[in-house]
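These notes concern the structure reproduced below.
Going in written order, the chains are labelled A, B, C, D, E, F, G and H, and every chain counts its residues from 1.
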Amino acid sequence: MHCCDESRTCTALWSLIHALLCFHSSTVFQQELDTKHDKHERLVKISRDITIESKRTIFLLHRVTSVPDVEEILTEADVKLDSVRQKIGQIAEELKGEDLHQFHRAFTPGMTTNTYDGQPTCHVTNTHWPSEVACVLTFQITPTDYLLGVADLTGELMRMCISSVGNGDIDTPFQLSGFLRQIHDGFSYIGNTGPYEVSKKLHTLRQSLGKVEDACYTLRVRGSEIPKHMLADVFTSRAATHLDPDEPIV
Amino acid sequence: MSVTEMFSFIQGFLSADQDIREDIRKVVQVLEQTAREILTVLQSVHQPCGFKDIPSKCLKARELFCTVRNHTGELKTKFPVEQYYRYHEHWRFVLQRLVFLAAFVVYLESESLVTREEVAKILGIEVDREKGFHLDVEDYLAGVLILASELSRLAVNSVTAGDYGRPLRISNFINELDSGFRLLNLKNDPLRKRYDGLKYDLKKIEEVVYDLSIRGLTKEQEAGGDK
Amino acid sequence: MHCCDESRTCTALWSLIHALLCFHSSTVFQQELDTKHDKHERLVKISRDITIESKRTIFLLHRVTSVPDVEEILTEADVKLDSVRQKIGQIAEELKGEDLHQFHRAFTPGMTTNTYDGQPTCHVTNTHWPSEVACVLTFQITPTDYLLGVADLTGELMRMCISSVGNGDIDTPFQLSGFLRQIHDGFSYIGNTGPYEVSKKLHTLRQSLGKVEDACYTLRVRGSEIPKHMLADVFTSRAATHLDPDEPIV
Amino acid sequence: MSVTEMFSFIQGFLSADQDIREDIRKVVQVLEQTAREILTVLQSVHQPCGFKDIPSKCLKARELFCTVRNHTGELKTKFPVEQYYRYHEHWRFVLQRLVFLAAFVVYLESESLVTREEVAKILGIEVDREKGFHLDVEDYLAGVLILASELSRLAVNSVTAGDYGRPLRISNFINELDSGFRLLNLKNDPLRKRYDGLKYDLKKIEEVVYDLSIRGLTKEQEAGGDK
Amino acid sequence: MSVTEMFSFIQGFLSADQDIREDIRKVVQVLEQTAREILTVLQSVHQPCGFKDIPSKCLKARELFCTVRNHTGELKTKFPVEQYYRYHEHWRFVLQRLVFLAAFVVYLESESLVTREEVAKILGIEVDREKGFHLDVEDYLAGVLILASELSRLAVNSVTAGDYGRPLRISNFINELDSGFRLLNLKNDPLRKRYDGLKYDLKKIEEVVYDLSIRGLTKEQEAGGDK
Amino acid sequence: MSVTEMFSFIQGFLSADQDIREDIRKVVQVLEQTAREILTVLQSVHQPCGFKDIPSKCLKARELFCTVRNHTGELKTKFPVEQYYRYHEHWRFVLQRLVFLAAFVVYLESESLVTREEVAKILGIEVDREKGFHLDVEDYLAGVLILASELSRLAVNSVTAGDYGRPLRISNFINELDSGFRLLNLKNDPLRKRYDGLKYDLKKIEEVVYDLSIRGLTKEQEAGGDK
Amino acid sequence: MSVTEMFSFIQGFLSADQDIREDIRKVVQVLEQTAREILTVLQSVHQPCGFKDIPSKCLKARELFCTVRNHTGELKTKFPVEQYYRYHEHWRFVLQRLVFLAAFVVYLESESLVTREEVAKILGIEVDREKGFHLDVEDYLAGVLILASELSRLAVNSVTAGDYGRPLRISNFINELDSGFRLLNLKNDPLRKRYDGLKYDLKKIEEVVYDLSIRGLTKEQEAGGDK
Amino acid sequence: MSVTEMFSFIQGFLSADQDIREDIRKVVQVLEQTAREILTVLQSVHQPCGFKDIPSKCLKARELFCTVRNHTGELKTKFPVEQYYRYHEHWRFVLQRLVFLAAFVVYLESESLVTREEVAKILGIEVDREKGFHLDVEDYLAGVLILASELSRLAVNSVTAGDYGRPLRISNFINELDSGFRLLNLKNDPLRKRYDGLKYDLKKIEEVVYDLSIRGLTKEQEAGGDK
């Protein structure tokens, strides 16, 4: 009933359209739609893997502040990052010859995790802004992805700062607060010029910065109290009881 | 200071992007205006008096499509061609409307379905992504589905205007269209939703044909010959 | 600094705890957490596959109302369903010896699609309530999953009804409206006794039923109009123009 | 009618489930009440006067844990054992509180971390899922993290009460705990969040130790001997 | 200690309140179950076969309302009558459903709007707040609005069942109801929102009557005599 | 203290503003009541019996518009005229309803579209912002769109009442309205959304006309002479 | 017409209710204003200079409570006393604030917890529901919890003002309060949530006492004699 | 055709309005850019090194305010002055930010609260509505509340930078501000919400002062001479 009876009602015109539509669409259109959809699915999967792998690496890097053998951890992190790089390569492969933005949403979550993932490694070794991330990737990260990644990084840095204080590391918070303040000022300079997601991150960033500033404040207030004549005394006893001798002193 | 520099740099990127979007928005506004004008021309076919001079209305619409081609030509120059999907949302809506309008004109002229190639030509854009500013498949399909809904309205109004043969032909056309769509495995949500609407259009047209049948008005038509 | 200096401050007690915690947790705890997490990930993946595969089958079954070779499609659907069954087998395998509910959320989406997936096949061949679904599955479906699946089925049946009307099939809507009304009444009998998701579906179900009832109404109102003396005439001409001769007549 | 029958049947399932939940809720309420009583007993250690008779308070808490074991014994009978995770949410919260309370008692008694086995025994439940109503790893860890926060408070109050040795020992204990947790790769969100809180506890305790150090009060302690 | 004493005293208050709420919740659950059973009985009038024995269904529903009266009788004993509004939220929802069900039965029996007095009698409660457990005006109105929506569905299904006279009578009834509501100056948000839904019900029924009118089916009805 | 002084001063500002808003709210409430009364009068035209005495209903509505003019007169005195847009939100809703009611009366009287000037006169307000309390263009358009939806309902009900000529005239009227709106370049969101509703009204009316056409009821009308 | 009559009758009910609510709102606004004035008087105790003349501030606050009693007296006359819970939401918020203010005054005067009876007397209302407009237990508790948070702030500021004895006394007071609350089996959500805040207040105060202890400032206090 | 003519005429109105809004938006974007630049300049006072050259930063900000005045000057020309509130929403947000920035500069320069007059002068706009483009009271208050939150951050960072006197002065300033706001009877929702935030800022600053007091750092400050 759905299919017109060719011998009676369908004219040549209709059969032409029929052919054109039914077969054209079932082959060409469907193929186009399917290819697109399957590629999207693959990108989602790879992106998911990248996120998991990146989070594991971040986790590993957090231990940097607390273990003696930093080198070993960095090596391990590098191995993990290699696998991330491989997966990013896969994305690049999939996107070869495609318009990046068509599938952008598919892999963005993975990429932003990765952006900040690259950071702590560099940050630990030298406190300067890392730029090698861009080189690692074989395809372009959009500025938005980059900004979002940086914003996520600040959250991790805040956590790092709080645990530094807990561990008695006094320099890191001050260094971090300056660094975070720069990022914060940068973000507020960009303001609502950027896309919505970036403006939204500004709030979280401000909270992280607040926590780091509070930590610095606490350290300063505490440190202010040592009576001058006791100073030497205090630190010898401290070192003797539970501090490593090579720990930086206030 | 290096961080400051980097943020200024990024700000540059973002500003450039916003400028592009602003430019695109302006051209798209003009396109929307022209699309509205074409619609006004074609809408009159629903009026009883409008049924008489469909050809002249199609001609007028064709002329307006020249203007459309100028605007799409301008649109292409507003952004790097390989970033089509970055700015897709800006013109997606108007492009679907234009596909519909082109499909409507072609239907009124020849009672046939416009192909993707033809639409692209009418709008002055490409079919293949590689060749430049192109017509996305999903936008083409969305435009065709708007046509279906317009034709179900036309079926109703052609009876009012006393043209009893047209609804039957529209019914066949929409049925063919439905068969075509049924072969597609639509995953894309908005398109799937629009396609669900096609069933209601089909139902409406079927009602019209039924109403004509039970009154013997379809036979009369065949006997008298039409168009 | 994080690691206490054993020779001085750490007593035997401390070293015991240290051993217990650091190594116990890194082996036993971590293993337990990882196993759980990985299994969860696998289940999510399989469930996703089931959903895709099931949707494809439903899609195929929709064509039943419009193609002449129903048998062929049913065979094809059966092949697809076999692959779904296989995947469900994998879930069952993963859950062997596990508490079903621990991972429940991981595979529910896939399972509910599948519940209603089984239905149309049966519904097309015989209009009775199918119960074989339960047998196909090698593990128990919770009543909630079942209800959710049934509710999703009604949405599909509603679509089927609307396209039947479009195709001139006049019996199906009346059959479907009775069937849907029974399900609707059943759901309203259960009311808010069930879990939240079930109560939520009731609204959608009511909408679907409304659409089917409207369709029946339209058919009845339309059919009421045929003048008795024209009746025979109308249907001969109709059959002659664009209806299959074996189409059921009102 | 078959559909009606089936819905009645399902309704039966759902009612049974709700009855089970109602039963569980009742036992859980009693458990919460007992947990609150244990807390009241243990809270008094924060008061200056409370520091003197910690042992007697621990004994009293141990007695109340007998009642807890009775209730957990009853809880087990309320639902089929293999459906533990189906009803997990009902007792999750109170179980974590009880783990904390058990861990607090054990800490006050021996300044050591209660093991999962010990906790299970104190609460009268199993460690292995296979053996019956058990203690989920995540609930154990959550309970331990509540302990950390309580101990940071205890460190503060022990200084007020004039006990200058305890904060140092608490500091070491929490540091060990932190090392342990750092080895875990926490994916589970609520646990991860709670663990983030541990850093603040650590910071607070570190402040106390620092305050004692710069005043030479830790040395005094070592010299004078304590506890 | 005085503070402790006062808090113990307060705990007495709170426990009493919680016990009352627990008791109310239990009765309300039973009421909801009975309401659902009445609904199941009455909903069968939408089935084509259901139109034949509306009277028997009404009888069955009336019997179930006896059970309702028992439960409302029990509900009254659960709390001091002057504290009606303290616990109002607990039974508000089920009471509105019951008003709807009573109004539906009365409509099916006599095609008239149940008055507040009648509903109160059917549910075994009072109209005046002073006399005891009463029916709040807003709950009565909410129940009546649910009826309107059910009747718009009934209008559709009565046509399907071949009863062409009923929609016209429903249309008049709903129109009268609409006039009634327009007299009210509703500020109360949830009621106002529900009332907005009445417009859609009205429109829907008018379109059913229209479909019958244009096909001469209303006249046929009048000619053939109805009810 | 200077800060205190400044804040006291500011409090004066804020109080004045709040008083004005309170006053406006009161008058607006009365206006809403009158609007509801006019609506009740006009609604009866949808009833079969209501078709007979449309003129008398219009007269009654016209009388009530006198009251409206008194209230708008009072409204103007409640705030400085140049701050119209500061308090616009307060009366926006009721003004759109009143525009609709005025447009409905005028349509029923003369089957023509009320102009902005006429509406303003009926409501006792100005057209030009410069001259005082005026009718914002967007509010005028919103009111006209409510009329379209009311007329689609009237088309349905006039068939029920046996008046077969009116739907055709309504169809022409709405078509003209639609052309008018298509001339507008609407960016404003709420108005645009309402305008999208016009398409549905139009389609509905066209279907009514179709139903009449296919049954030959429009010709009958023309033959019999109408209006 | 009977339906119309019933609806007119119902409108009477609704209007009466709306009028009562309007009246209540007005009195409540005045109460809020007075509450804000009392707060302003009491807030100054946080200032270093404010510590000197607490008694005079308390006297001033006591005077303002006379005004409060006038307003609560007026409030009672606005609605039938048995419908307290019908309109409870309107005054709930301000009553909790007033309980807090009364509790704050009493604390400042005597460093003791105000009882429910005392508060009721200060506010000119009843303790027992039976005797008239009364103070709901939950509102009393809510007000007391606001006091706890205010006292944690006072502890901080009293150190700034050089009063080292007060934090210790506040700490004891809040500890006692905490024990009291732990006796309660709170199920009620908003109160439970507020109670969770008490833990933070307690911790904050303990830290203040700690800061004093470690610096030997508490002993100094004891030595020097206190209050 | 008369309807067409009227709609063409209305299109004129709408276009004019849209053009004005487009113009306003452009100027507002530039204002926002300048506001962000001022913010960047002033935010550097939170850096330890930033405390040294506050005066030079203030000078730089003052220069940028010249640009602001140019833009506000331009903004005024974009629409008829009496229609301020018609377009208020467009510049409301940026104006509040600018008030904050002006208040911050003035605070840094003189540690005093900028008056409404001063702000208006800095921004190149009027205080009185009658005189032209003015500063709405609520926008002034909103901007001042942003300042409070910024100052609580400054108090923290000034301690980090070793400036122990500033927090005390900030505390007094915020206390005075709080008293001022308590004089206001805020009903307006967004402003009320912001004001609730002030309490947290105040508490935060008080704790900073506390930390300094208990360590004797405030006295040291006083002894050493300050500012």
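In the analysis below, contacts are C-beta pairs under 8 Å (C-beta built on N, C-alpha and C of every residue); 3 or more make two chains touch, one makes a residue touch a chain.
Note that the coordinates shown come from a computational prediction; the quantities given were computed from them, not determined experimentally.
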(request) Could you tell me the least number of steps, going only between chains that touch, from chain D to chain E? (result) 2
(message) Sharing more than half its contact pairs with A-H, counted by residue number, which one of A-D, C-E or B-C qualifies?
(response) C-E
(request) Tell me whether chain D and chain G, two copies of the same sequence, contact each other through the same residue numbers or different ones, using over half shared as the line for same. (result) different
(message) Distance between chain F and chain H based on Cα centroids, please, to the nearest Å.
(response) 42
(request) Measure off the straight-line distance from the CA centroid of chain A to the CA centroid of chain F, and report it in whole Å. (result) 55
(request) Return the distance between the CA-based centres of chain B and chain F, expressed in whole Å. (result) 34
(message) Measuring centre to centre with CA averages, how many angstrom lie between chain C and chain D?
(response) 41
(message) Quick check: what residues of chain E touch more than one other chain, meaning two or more?
(response) 179, 183, 185
(message) Going by the contact rule already set, what residues in chain A reach two or more other chains?
(response) 2-4, 9, 66, 167-168, 185, 189-190, 193, 225, 241-242
(message) Quick check on the complex: what are the chain B residues that touch chain F?
(response) 33, 36, 39-40, 43, 46-47, 153, 156-157, 159-160, 162, 208, 211-212, 215, 217
(request) Using the touch definition up top, name the residues of chain C that touch chain D in the complex. (result) 2-4, 9-10, 13-14, 16-18, 20-22, 25-26, 29-30, 32-34, 37, 99-102, 104, 128-129, 143, 146-147, 179, 182-183, 185-187, 189-190, 193-194
(message) Could you list, by residue number, the parts of chain G that touch chain D in their complex?
(response) 175, 178-179, 182, 185, 203, 206-207, 209-210, 213-214, 218
(message) If we count contacts the way the header does, which residues on chain D are in touch with chain C in the complex?
(response) 1-4, 6-8, 10-11, 13-15, 17-18, 82-86, 88, 110-113, 115, 129, 137-138, 141, 172-173, 175-181, 183-188
(request) Please give the residue numbers of chain C that touch chain B in the complex, ascending. (result) 55-56, 59, 62-63, 66, 159, 162-163, 165-168, 215, 218, 222, 225-226, 230, 233-234, 237-238, 241-242
